[in-house]
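In the part that follows, the structures are each spelled out as C-alpha cells.
Look for subunit A in each of the two complexes below; its partner is subunit B in the first and subunit C in the second.
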Partner chain A sequence: MSKIAEVTSDPYAYVAGLKERKNKKIIGCFPMHVPEEIVHAADLIPVVIWRGNEPVTWGHAHVPPYDCGITRSFVDDAVRGKLSFMDGFVFHIRQCLQAGEFPFIMERHFKPAYQKVLYLPAIYPGDAVRDFALKELESFKTSLEDFTGEKISDDSLKKSIEIYNKNRSLMERVYEIRRAKPGILKAKEVMQIVWSSMLMPKEDHNELLTELVKGMEEKSVKAQKERIKVIPVGCLCQTLQFDILDLIEDLGMIVPDDDLYIGSRYFANPVNLNGNPLNALADRYLTKTPLCPTKGVWDIHWGDEAIKKMRDNDAKGIISVRVKYCPPHTCYYPDFRSKMAEKGVPEVMIEMEHEIISLEGVKTRLQSFAETIGGV
Partner chain B sequence: MAVVVGVDVGSLCTKTVILDGDGKILSYDIMRSGHYYKGAAKESIENALKSAGLKKGDISYTLGTGYGRGAVAEADAEVTEITCHARGAARLFPEVHTVIDIGGQDSKVIGIGENSRVVNFVMNDKCAAGTGRFLEVMALALSVDISEMGDLFFASKEKVDVSSMCTVFAESEVISLFARGHKKADIAAGIAHAIARRIMGMVGQVGLREKVVMSGGVAKNAGVVRAIEERIETSLLVPYEPQIVGAFGAAIIASERMSTTIG
Partner chain C sequence: MDPKYKVNRLQTTNEIRPLVDKHWADLRTAKERGELVAWASGPSFIFAYAMGMKCHFMAGYAAYCGGIGAGEEVLKVAEMAGDLPETCSYHRLHMGMGEAVARGIPINPQAILPMPDLMVAGRLCPEMSHYAEGLHRRFGVRVLPIDLPAVVDMEDMPRIREFVYRQFKEVVIPTFEEVCGKPFDYDRMSEILSVLKKVATLRNQCWEFFKDKPSRWTLWDYGVSIAPVFYLMGNPAGVTYYEKLLKELQERREKGIPAIAPDGEKYRLYWDGWLPWAFLGKFMRKFIPHGAVVLCGRYPWEFFPHPELIDPEHPVETWADLYYGMESHLVYTFSPKGTVDLIGKLIDDYSLDGLIMFSSKTCRVMNLAQPEVIDVLDKKYGIPGVIVEGDMIDSAMISDAQIETRLQALYEMIDSRRR
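And now, the complex of A and B:
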C-alpha cells in the first residue's frame, strides 16, 4: 500500500517521473470513457486525468466557477503549466457539456503535441450506434498512428487489452476480498488503489496488485458486525475527498463495495477478446451497466442497479455522492431518489465540492443517516 | 431519581432541557451561543440545573446535539439535531410525520416514520437564507424588534414580493422597497412569504405528510408560521416553546439510553 499511497499523494510528480523513467510520451485521457488500451498499444503511456487538490486560480479566467471540480481543476492545472509533462490529451466531448469546452481551451492555451476529440455516441438501440462507436475508435487509432508514425497492429492491441483485462480481474479480486472481509482496507485505501491504476502503467500496477491480493488473501480481519454497511454511489470522474470517506467510517459505517467511478465502475466489464479488438472495445463502451448518466441509457434504472448492489452486500443504505455542478448526475438524480423512495431504501445525498466549504454539514448529514439506519 | 440532560448547541442559541425519570421536563434554558460553544453548553446546563434546584452530581446522563454538539464537554454521547428534533416533536405530538425546523442559521425538513424514527430529511446549511439570522437582519433593516415581525405580518394590507433570499441582497431589497413607499407591515409579510417559498422547496423534496410540526426559534414568528401554512395548505403544530424541541429530543434519547443501561 505504501507505493500506492506515494503515487496518489503527488500524482504530478509521479507521472512526470514516469515519463523520464520509461522514456515514453504521456497521454492524458479525460475520464470516464476513453479506451486507454488503444493509447497503450501505440506504445504511449495513458494516464487518466485527475482532480488536483489546490484551489482554482487562473483557471477561472477560462471556465466559470459553476463548472464541476475536475473541469475547473484540470483547466487550472493546464493553464498554470502544471501538466507540462503531458504530451497529449484525449477528450470524449459528448460525455457532458463541460467536457466539450476542453479542446478549445487546450488548443489555445496549452497547444499539446497531440489532441484527440472523441465523439462516442449515446446508447440508443440499433446497429447505427455500434457503427458510429467503431468508426470513432478507428479514427482514434489512426490519429495515434499519425502521432507516433507507427501502425498499431491487431496483435499489439490485443496484448494491451489482455494487460488491461488482467488489471480488471485483479481489481475485481481486491473487491471480492473486501466484500468477504469488510474492513480489510479502509475505503480511502480502496479508492487509492483504483486511482493508482489510472496513473501507473498497467504492467507495474498488475505486479503491485498481485502482491497486494496475496497479502489480503492471507490476512484475517475481525468481524465488523456492529458497523453499518453502506454503498457509496456516483462521484463521477473524480476522487471523493478522502476526509469524507474517513468520516463515513468514523461515524460507525463501513463500505463493503461501491458504485463510484474511482471505484468499481472503472474496472467493470472486461473486454471480450473474441475477434477484432476494436469491435471488442466498442462493445465494452456500449455495455449499459454499470449505468452511467452520461451514456443516455433509459431502459435500465441506475436506482435498481444500486439497490441490487446494496442487497447483494447486505448493506443498509446508499450514500449518493454528487459532484457539484455535474449536469449528467444532477439530471438523473431526481429519478434515482424517487426510485429509492419507491423501494423504501434509505439514501442520503452529499454534494461534493472541489473546495470543501463545510465538512461539518457533510458530517451532520452522514451522522443523521447513520442514526436513521442504525435505529437511534 | 435518574435525571437526564439534553443540550442543543446551535449556531445562534444553546438550549438545555432537564428531564426527570418519568420524562417530565424539570427545567429548560435558552441562551446565546456566542463564539465559545463549550462555555455556552456549560453555562446553559448550569442555568437549567439552577432553575430545577439540582446539582451537577444529580445528572445521570447528558446528550449533546446541534451544530456544536462536539463541544459539549459534559456529554456522554452526541446525536445529530435531525434525530433529536424528530424525537422531541414526536413526543410532543405523537401524530407528527413531518417536522419543519428553522433555526438560527440553518433549516431542515424531516420525515418521520414508525417509532418516531427519521425516514428522510433535507437540510439547508449552506447559507443563512430564511433562517433566524436572516429574520434578525431583516428586522434591523425594518427598524423593528424581531418580536414585532410576526404581528406586522397580520397588519399587512398590500402584497409585496421580496424575491431575494440571500441575506445580503434581501436587506438591500427591503431598503429599496422602503424607498418605493411600501409599508413596514407589507414588507414584513413579503419576507415571511419568501421564507415560506424556500421551505416549500425543501418540503417538496421530503414529501409532505401530516401532521406537520414546526420547531426552532423562527416558529415563534406567527407571520412565518401562517405564511408556511398557506403554502403547504395545512395547519402547523407549534409547541409552546419551539426552540427547545431539539434539546428535549436529546434528553429523551438520553433517558432511553439510561434505561437500556439500567435495564
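And now, the complex of A and C:
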C-alpha cells in the first residue's frame, strides 16, 4: 500500500519519473472511455488524466467557473506547464461538452507531439453504431502507428489486452476480499488502488496487486461492531475527495463496494480475447453496464443498477456524489433520486466541488443520513 | 454614451409572429385532429415533416417559450420536479413542460405541447441525449436516438458523414415508417427541400444587407426571422416572408435608411453562441444607446443550410451533406477550430469591429474555448472581444451589471484602437 500511496500522493512526480525510468513516451488519456490497451500495444505508456489537488489559478483565463472541476484543473495544469512530461493526449470528445473543447486549447498552449480525438458513439440502436465504434478504434490505432512509426500487430494488442484483463481480475479480487473482510482496507485506500492503476504501467501494477492480494488473503480482520454498509455512486471521471470517504467511515458507515469510475467501473468487463482484438475492445465500450450516463443508455435505469449493487452487498443506503457542473450526472440525477424514492431506498446526494471550502456542510448531510439508516 | 441612436424597426418582421404562432398552435391541436406528433432535437425534424407529422423542435420551442415570456414559469415547474439549475435551460424547459402536462400544473397554455408519438433525438450535443433520456424515463416517450457528432477536424468528416447517413437510412427512416404505418415519403422530403432552397437563397440575399455601411438590419431582426429556414421548413409562407423582407431591405438601401437612426451604427459587432431568446429586448437596450449593432454570429450564420448544397433530387443524401459534406461546415463550426475559420470570414465579410462571446452558464457547448477564440482572432485581425455570461432563457443567470461592464469595456477597446 505504501507504493500506491506514494504514486497517488504526487502523480505528477510519479509519471514524470516513470517516463525517465522506462524511457517511453507518455500518452494522457482523458477519462473515461479511451481504450488504453491500444496505446499500450503501441509501446507507449497510457496514463489516465487526473484532477489535481491545487486550486485553479491560470486556468481561470481559459475555463469558465461553471465548468466541472477536472476540466478546470486539467486546463490549469496544462497551461501552467505541470504536464510537460506528457507527449500526447487522447480525448473522447463525445463524452460530454467540456471534453469537446480540449483539443483546441491543447494545440494552442501545449502543442503535444501527438493528439487524437475520438468520437465514440452513444450506444444507440442500429449496426451503424457498432461499425462506427470499430472505425474509431481503427483510426485510433492508425494514428498511434503513424506517431511511433511501428505497426501494432493483433498479437501485441492481444498481449496488451491480456495484461489489462489480468489487472481487472486482480482488482476484482481486491473488491471481493474487501467484501469478505470488511474494514481490511479503508475506502480511501481502495480508491488509491484503482487510481494507481490508471497511473502506473499495468505490468508494474499487476505485480503490486498480486502482492497486495496475497497479503489481504492472509490477513485476518478482527470482527468489529457491525457497521452500516453504504454504496457511493457517481462522481464521474474524477477522484472523490479522500476526506469525504474518510468522513463516511468516521460517521460509522462502511463502503463494501461502489459505483464509481475511480472504483469498480474502471475495471468492470474484461475484454473478450477470442477473435479480433479491436472488435473485442469495441464490444467492451458498447457494453451497457455498469451504466455510464455519458453513453446514451436508457433501456436500463441507473437507479435499478445501483439498488441491485446495494442489495447484493447487503448495504442499507446509497450516497450519490455529484460533481458540480457535470451535466451527464446532473441531468440523470432527478430520475435517479425518484427511483430511490419509488423503491424506498435511503439515498443522499452530496455535491463535490473542485475547490473544497469546508467539509462541514457535507458532514451535516452525511451525519443525518447515517442517523436515518441507523449507522450511528 | 450618445443618446441620439434609435432603432428603425422593420415592418416585415411583424409578420413572423403569426406564422410562428400558427406553427405552435397547429402542433398543440394536432392530436385533436388525430395527427401524429413528433418532437425533435438536432437537425432531425425534416424526417417527421416528410411523413406529414407535426413536429416540435427543441431549440425552436425554447426560443418560442422565451419569446412569449413563458420561460420562467416553465423553468419553475422543472425545478419543483427536481431538475437542477445547472442543467441546460432548454432541457429544463422541456422537463418543466412535460411535468406541467403530467401533473396538471397550470402554465401559459401557449407553452404546452402534446407529448409526442415519437421523439427523434439527434445527439448533436450530448445534453440532447440526456434530455431525451429524461423524457423517456419520466413520461415514457418513445425515443428514436441518433448520434450526430460535432466534428473537430475536417479530415474526420467523411467517416462521420457515412455514420450519420447510415443512421438516417437504417434507423430513422424505418422507424418513421413503422410509427406512421406507411412508406417513407421521399417526394415530400424533396418538396420540403425545394422550398428550403428558395427560402435560404432569399435569406442569403438578405444577408448581403448586413454588409452595407451602415447596416440595413441587425442580427436580432434575423434572429426573429429564423423560423422559415428552420422549423418552418417546407412552408411556402417562408418564401413570401423572405421576399418581403428582401424588398424592404432593398428599399432601405435605396432610401439610405440604416438599421439604427439617425446615421447608422458606430460599432459593428459579432455575437457568439445561442441568441438570448428571452432577453433580446434587454440586450438591444444595451446596444442601441451606444450605437452598437450585432450583425452576425456563429449559430445563426452557419447552422442553417447553404442553399447551393441543397439537391432536392437526393433528399436524404442532401440532408447528410448539408451537415457533414466536405463542402459544408455546419457541424465543424461547433468546434473551436471551425469557429475561428468561420468568424475570421465573418470579420472580413461584414467589416466587424468587435466580438461578443455569449457564454451560457448552463449550455457549455461553446464556452470553454471562447477565451482562446478571442485571443486567436485578436492576434490575427486586431479585433477585440469580450465574454458576456448569461443564459438563453433563465433570468437567474443574467447579471445586468456584469453585462454592462463587459460591453462598456468592448466599446472602449474598439475606441482606443481607432484612435
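Rule of thumb we're sticking to: the second predicted complex is superposed on the first by the 372 of 376 C-alpha atoms of A that agree within 3 Å, B and C clash if a C-alpha of one lies under 4 Å from a C-alpha of the other, contacts with A are read in each partner's own complex, and residues count from 1 in each chain.
We adopt the following convention: a contact is a pair of C-beta atoms (placed from the backbone, for glycine too) under 8 Å apart; a residue touches a chain by one contact, two chains touch by 3 or more.
Given the structure is predicted, the values throughout are model-derived calculations rather than measurements.
A.B. asks: Could you tell me if A:Ala61 is touching subunit B, subunit C, both of them or neither one (first, second, both, neither)?
C.D. replies: The second partner, subunit C, only.
A.B. asks: May I ask you to decide whether A:Ser156 touches subunit B, subunit C, both, or neither, giving the answer as first, second, both or neither?
C.D. replies: neither
A.B. asks: Touch check for A:Asn276: first (subunit B), second (subunit C), both, or neither?
C.D. replies: neither
A.B. asks: Between subunit B (first) and subunit C (second), which does A:Thr71 come into contact with in this model arrangement: first, second, both, or neither?
C.D. replies: second
A.B. asks: Go through the superposed model and pick first if A:Thr287 touches only subunit B, second if only subunit C, both, or neither.
C.D. replies: Neither partner.
A.B. asks: A:Gln367 in the overlay: touching subunit B, subunit C, both, or neither? Say first, second, both or neither.
C.D. replies: So A:Gln367 only meets subunit B here.
A.B. asks: With the two complexes superposed on chain A, say which partner A:Cys96 touches: subunit B (first), subunit C (second), both, or neither.
C.D. replies: second
A.B. asks: In the three-chain superposition, say which chain, subunit B or subunit C, touches more residues of subunit A.
C.D. replies: After superposing on chain A, more of subunit A is contacted by C.
A.B. asks: Share the list of subunit A residues that count as touching for subunit B in one structure and for subunit C in the other.
C.D. replies: none
A.B. asks: Tell me, which parts of subunit B touch subunit A in their complex?
C.D. replies: 67, 79-83, 117-121, 123, 125-126, 207, 253
A.B. asks: In the complex of these two chains, what residues of subunit C are touching subunit A?
C.D. replies: 81-84, 86-88, 91, 95, 123, 125-127, 129-134, 136-138, 143, 145-147, 149-153, 156, 159-160, 163, 166-167, 170-171, 334-337, 359, 361-365, 367-369, 371-372, 375-376, 387, 389
A.B. asks: Name, in rising order, each residue of subunit A that touches subunit B in their complex.
C.D. replies: Residues 341, 346-347, 357-358, 360-361, 364-365, 367-368, 371-372, 375-376.
A.B. asks: So in the complex, the part of subunit A that touches subunit C is made up of which residues?
C.D. replies: Against subunit C, the touching part of subunit A is residues 61-64, 66-67, 71, 75, 93-98, 100-105, 108, 117, 119, 121-122, 124-129, 131-132, 135, 139, 293-294, 296, 298, 301, 324-325, 327-328, 330-335, 337-338.
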